[in-house]
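Notes follow the structure.
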Amino acid sequence: MAGNSFGTLFKLTTFGESHGSAIGGVIDGCPAGLKIDFNSLKKDMVRRMPGQSKITTSRKEPDAVQFLSGIFEGITTGTPLAFIIENTNQKSKDYSHIKDVYRPSHADYTFEKKFGHRDYRGGGRASARETACRVVAGAIAKQLIKDIKITAFVSSVGNININKPYQDLDFNKIEATIVRCPDLHVADKMIQKIEEVKKTGDTLGGTVMCVLQNVPVGLGEPVFEKLHAQLGKAMLSINAVKGFEYGAGFCATSMKGSEHNDLFNEDGTTQTNLSGGIQGGISNGMDIYFRVAFKPVATLIQQQQALNSEGNLVQMKGKGRHDPCVVPRAVPIVEAMAALVLADFALINKTNKI
Amino acid sequence: MAGNSFGTLFKLTTFGESHGSAIGGVIDGCPAGLKIDFNSLKKDMVRRMPGQSKITTSRKEPDAVQFLSGIFEGITTGTPLAFIIENTNQKSKDYSHIKDVYRPSHADYTFEKKFGHRDYRGGGRASARETACRVVAGAIAKQLIKDIKITAFVSSVGNININKPYQDLDFNKIEATIVRCPDLHVADKMIQKIEEVKKTGDTLGGTVMCVLQNVPVGLGEPVFEKLHAQLGKAMLSINAVKGFEYGAGFCATSMKGSEHNDLFNEDGTTQTNLSGGIQGGISNGMDIYFRVAFKPVATLIQQQQALNSEGNLVQMKGKGRHDPCVVPRAVPIVEAMAALVLADFALINKTNKI
Amino acid sequence: MAGNSFGTLFKLTTFGESHGSAIGGVIDGCPAGLKIDFNSLKKDMVRRMPGQSKITTSRKEPDAVQFLSGIFEGITTGTPLAFIIENTNQKSKDYSHIKDVYRPSHADYTFEKKFGHRDYRGGGRASARETACRVVAGAIAKQLIKDIKITAFVSSVGNININKPYQDLDFNKIEATIVRCPDLHVADKMIQKIEEVKKTGDTLGGTVMCVLQNVPVGLGEPVFEKLHAQLGKAMLSINAVKGFEYGAGFCATSMKGSEHNDLFNEDGTTQTNLSGGIQGGISNGMDIYFRVAFKPVATLIQQQQALNSEGNLVQMKGKGRHDPCVVPRAVPIVEAMAALVLADFALINKTNKI
Amino acid sequence: MAGNSFGTLFKLTTFGESHGSAIGGVIDGCPAGLKIDFNSLKKDMVRRMPGQSKITTSRKEPDAVQFLSGIFEGITTGTPLAFIIENTNQKSKDYSHIKDVYRPSHADYTFEKKFGHRDYRGGGRASARETACRVVAGAIAKQLIKDIKITAFVSSVGNININKPYQDLDFNKIEATIVRCPDLHVADKMIQKIEEVKKTGDTLGGTVMCVLQNVPVGLGEPVFEKLHAQLGKAMLSINAVKGFEYGAGFCATSMKGSEHNDLFNEDGTTQTNLSGGIQGGISNGMDIYFRVAFKPVATLIQQQQALNSEGNLVQMKGKGRHDPCVVPRAVPIVEAMAALVLADFALINKTNKI
């Protein structure tokens, strides 16, 4: 497998299986001289942590991050930052029943066919546990680009949506509910819906919206490394993501140019922002906003038909402790990936003009 | 500017401004021994070519592709394939009126701010003319992975949609209409709509759907280089694209897991394919399908407010010959980018097992 | 700092400072299905280990390698192999005297000027301790290309040289002496010389020769990624290396073409091998051999003039336990780097022809 | 073939065969705002040009460089600079006699075995003609880092050496002789020697020395991307290069640490400079100097034994017009590659500290 690195100058490489001894990552290219705020990093980890509320998995993983290198006296030295998170809660026996079984809509079958040999325990490398490493690196990236405000929140759960533009929301309320939806009335409905579905052993999808504010003009590289192309890749690389749109997104397809174009103000800002803060792949200084679609979790606590390695269909039922809906925990992951993209482009952008 | 290369092993680097002497590209990593079918390449170029029908720009560009290297006696040698397309139809005077003007929802302003010095003629490097090079490289890539069938078509124009699953469409009819929509009844409506809007000097958005058939199991690299993440990036890097979804896409977000999961057949295929042929970032052998959202073209043949470099709002009107709707010409570009992604992953996949 | 990764498909990323909690690495791109021989890995680690003989540093570091991921039931899974080596013998107090001092011919000054903030303990990231990670990854790489025989040995210490072509040496005797020189008579003189110089607190340079046998025809990529260019970079990236030559090397510069050309045999082998097994950057199936120059260790157990951060010249004396000559311990490092280069090119070469 | 790109941020990709329609390259990552001095570029091209004197090949190639993109009104725009050099002097018939013949110590055999299909005319992609593109890109790179003085010269031809330290040479005299050796007395002997050998149809090797002056402290990235490691790779990637050493180089191996260490002056400069201006892979502000070994040209105007594709040994004689000794023409190539390395590291270095 290749493909475990993300970024050009600010580069994260992650490793680890959900039931190996540890997961972790290496950040290469973080500039020297950055004082690390470990509290802020921890806060993001807690937001992603399993077992945080009644609507997430009840699995408990402390997810203590241990830095091994690259930080001296609390400040980055310019050398690679390596970190590990031990897998302290490995109940491998939980997974013996899936050793030779390919669960529907999981990566079991494709990993087996691609690699021939796989760690089947808990999804192995395909487990969403890997995203903890993204949150660690994202927390460092956020500190590197601290003038940019990155805010993600749950914009829909199943068919329950926020029906307001993000400008009308109070972002301070995002963390006020366990579902991370700043519209508290809608949040209640979402929580209720998740609990309802959870009781039946079923799961729900949803969307996460992310807003990037105070982004300087000029981030992103034209042609193949457009800012939104890399943001899209970042988001689509998160487990369970099925779609990405920015600015007016799919809605733009049914608009006319005269409706969609953002007219300028004299200071270079625009009167509307259907473009979503990016023109020609380069940030224009307006808010960047995008929406990420998450499918419903594939592991059900219901009887389901699976395939075994001998080509027989078998009945199986998820025994583990799984999230009925991933979006509340996906919020910090979306933010982290956005931060990685922005930090990388911010560094690259230092080299664009003589 | 960095960011003009795409791919890891099968790597395309493009160059050129719309009004420079030529655009072109270099393909590095194309295996030796591939007999090039230049006719098939030319067909794709013709499908992208301006001036092909009454619903595209009337601008004529022959777009003759000249290969400079990497092919000997009609067969690739393993060395880089360089090609150029001369800009024979440069009417630079057409653009003198925008020298100091930033058009709304164009890349003029962001290029100026990022680079300080830019070729303003016809959008320069930000011009969609650059996509011609993608079609050239994509045509080579298609030949490298010739067992995979790549089919894109227009699935919506404005709010006129195909209301059928792609399985019910006859792909042979795609090229039967100038709008490249295989549902001929819908196609007629689309054409009518585009002509209507064109008359007013306005433009329309739309969507392109793409289906990848006969993809072997195992393409794509887990974690950051998931097959759909790279497809998403590829599509989002095309001019005017605002969104990407694959499989059930955004619809998946309002489904339950029990509805969305694709149950297996005994041969490893699945009964449904809401996943869109990819599990854990790796192709599972089922059809891969995705949808790409294009915004309406920003250049209007209407009076619009623009900003000049001195910070004054000015009135301007597009004088050039522009597409009222890009999706018919975007079809071969979407296919080309899909081919680049698949060819690259097909090469990488040769190294995944001992 | 960027630059902590090596390789394109078989890619090693290393991290860690000599006096942090651990050093380690991540190997991405190792194919699945490789059964790891941990004994053979351990043997290479022991050959690099400090404290192995009277002519190396007396410092003891167990250098126990702990794998965290990528191996399941003893076999690689295709996912990244991460490993750490804890720094159990960190005597940080040993280094407090150099906190504000730049030692001559060390990296103290350049790290300070480049990064502004550095871990000064034991050389930090610039310490040769980092090479332990290369040996780990090299041991895996060797197993991936197990048909290729990689043999390095000490070819000179100071001005004591082996005066025979490598074909006349018995490689089985390399490990028979602590200096890793297969000519036992010369080895004795080398050991004696090192002991002599060690007594005075001084140090010695030397050369390591490496022979790659049974390399298949076709490894290496023309132009910038020539096999010898990448081997050269690999070797020059090892601490203390000042030069690299392959085949006839610098001697070739005073030869005529008629003397230097290697005439063919009918089976494609050559009668002579002054080219060193590489033509046009691609292996030709003959032995590849090269020589690596190591400068004398810069840390002396003698009084020396150093510079402090306030711009004053100060007297200092190395207090640590240092090698009087690095070449005996460099032998497995040279082999490891060669293995990384070959493994990477062997994977890339799978994609060169259709 | 992969491997036709060099550099991370300032990245050159080259293409083209000696007897195709053109060779050329693309420079991606050149910052915007650089005013190009085409005269200075042309001077370097003329220094590399065949047919420049009686001691080079008599082949005439005008090597006119045509830029296709990335420069607008004489100034770089930040977009990729593509350039081509047409092959106007293709005498393909000259090479028909080698169609099925592998010349000794050429890349014919290895290309054939690696790729299966090759352009045999004039060495195809393996021809040193490719280095013209390096000189073009190097000339741009030099202008980007214009404060650094890059000077290469011929330090030996066969066994005729300059026996002075470079500090005692007058670099202004380098271009005063056709052999590019600033010690005019030695230059005469070199020229005489080359003419002598040329008469017999034989060839000679030699060395090129390069001195980089006024390099800022801090260029180069520790561990795998050490400044000298990348310089070494750059040089070893030039056709016919067999060795690289910097600073005291191979001589350092027979020195003691007390002799080799460079003691500091109070201003951070050093009293001696055996290290060659680099510590720990990072420039320290002192002169960087290195030596590059070139083997004798393999094409002789003598009868030689070659191998044909049917496994028979055949007699052949070089008919083309070839250099009796490459080093005079290699001087600008060495400089160009050094410039590419320095420009890339200068850009990367902008991102090393917050």
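Each chain carries a letter (A, B, C and D) given by its place in the written order, and its residues are counted from 1.
Criterion: a contact is a pair of C-beta atoms (placed from the backbone, for glycine too) under 8 Å apart; a residue touches a chain by one contact, two chains touch by 3 or more.
These figures come from a predicted structure and were not determined experimentally.
K.L.:
Would you mind checking which chain's C-alpha centre is most distant from the centre of chain B?
P.N.:
C
K.L.:
Counting residue numbers used by both copies over all numbers at the interface, does the chain A-chain D contact come out same (over half shared) or different (under half)?
P.N.:
Both copies touch with mostly the same residues.
K.L.:
Just give me the whole-number Å value for how far the CA centre of chain A lies from that of chain D.
P.N.:
Spacing between the chain centres: roughly 46 Å.
K.L.:
CA centre of chain B versus CA centre of chain D: separation in Å?
P.N.:
Each chain's C-alpha centroid was found; their separation is 39 Å.
K.L.:
From the mean C-alpha coordinate of chain C to that of chain D, what's the distance rounded to whole Å?
P.N.:
Taking the average C-alpha coordinate of chain C and of chain D, the gap between them is 26 Å.
K.L.:
Taking each residue of chain D in turn, which ones touch at least two of the other chains?
P.N.:
If we look for residues of chain D contacting two or more partner chains, we find 1-5, 9, 14, 29, 32-33, 78-79, 114-116, 125, 222, 348, 351-353.
K.L.:
Under the touch definition given earlier, write down the residues of chain B that touch chain D in their complex.
P.N.:
Per the touch definition, chain B meets chain D at residues 1-5, 9, 11, 13-17, 20-24, 26, 28-29, 32-33, 66, 68-70, 72-73, 75-82, 84, 114-119, 124-125.
K.L.:
What residues of chain A sit close enough to touch chain D in their complex?
P.N.:
My answer: residues 9, 29, 31-34, 78-79, 144, 222, 347-348, 350-354.
K.L.:
Provide the residue numbers of chain B that touch chain A in the complex, in ascending order.
P.N.:
Within the complex, chain B touches chain A at residues 1-6, 8, 14, 102, 104-107, 109-111, 113-116, 125-126, 130, 156, 158-159, 197, 202-207, 217-218, 221-226, 228-230, 232-234, 236-237, 242-250, 252-268, 270, 274-276, 278-284, 293-300, 302, 304-307, 311-313, 348-349, 351-353.
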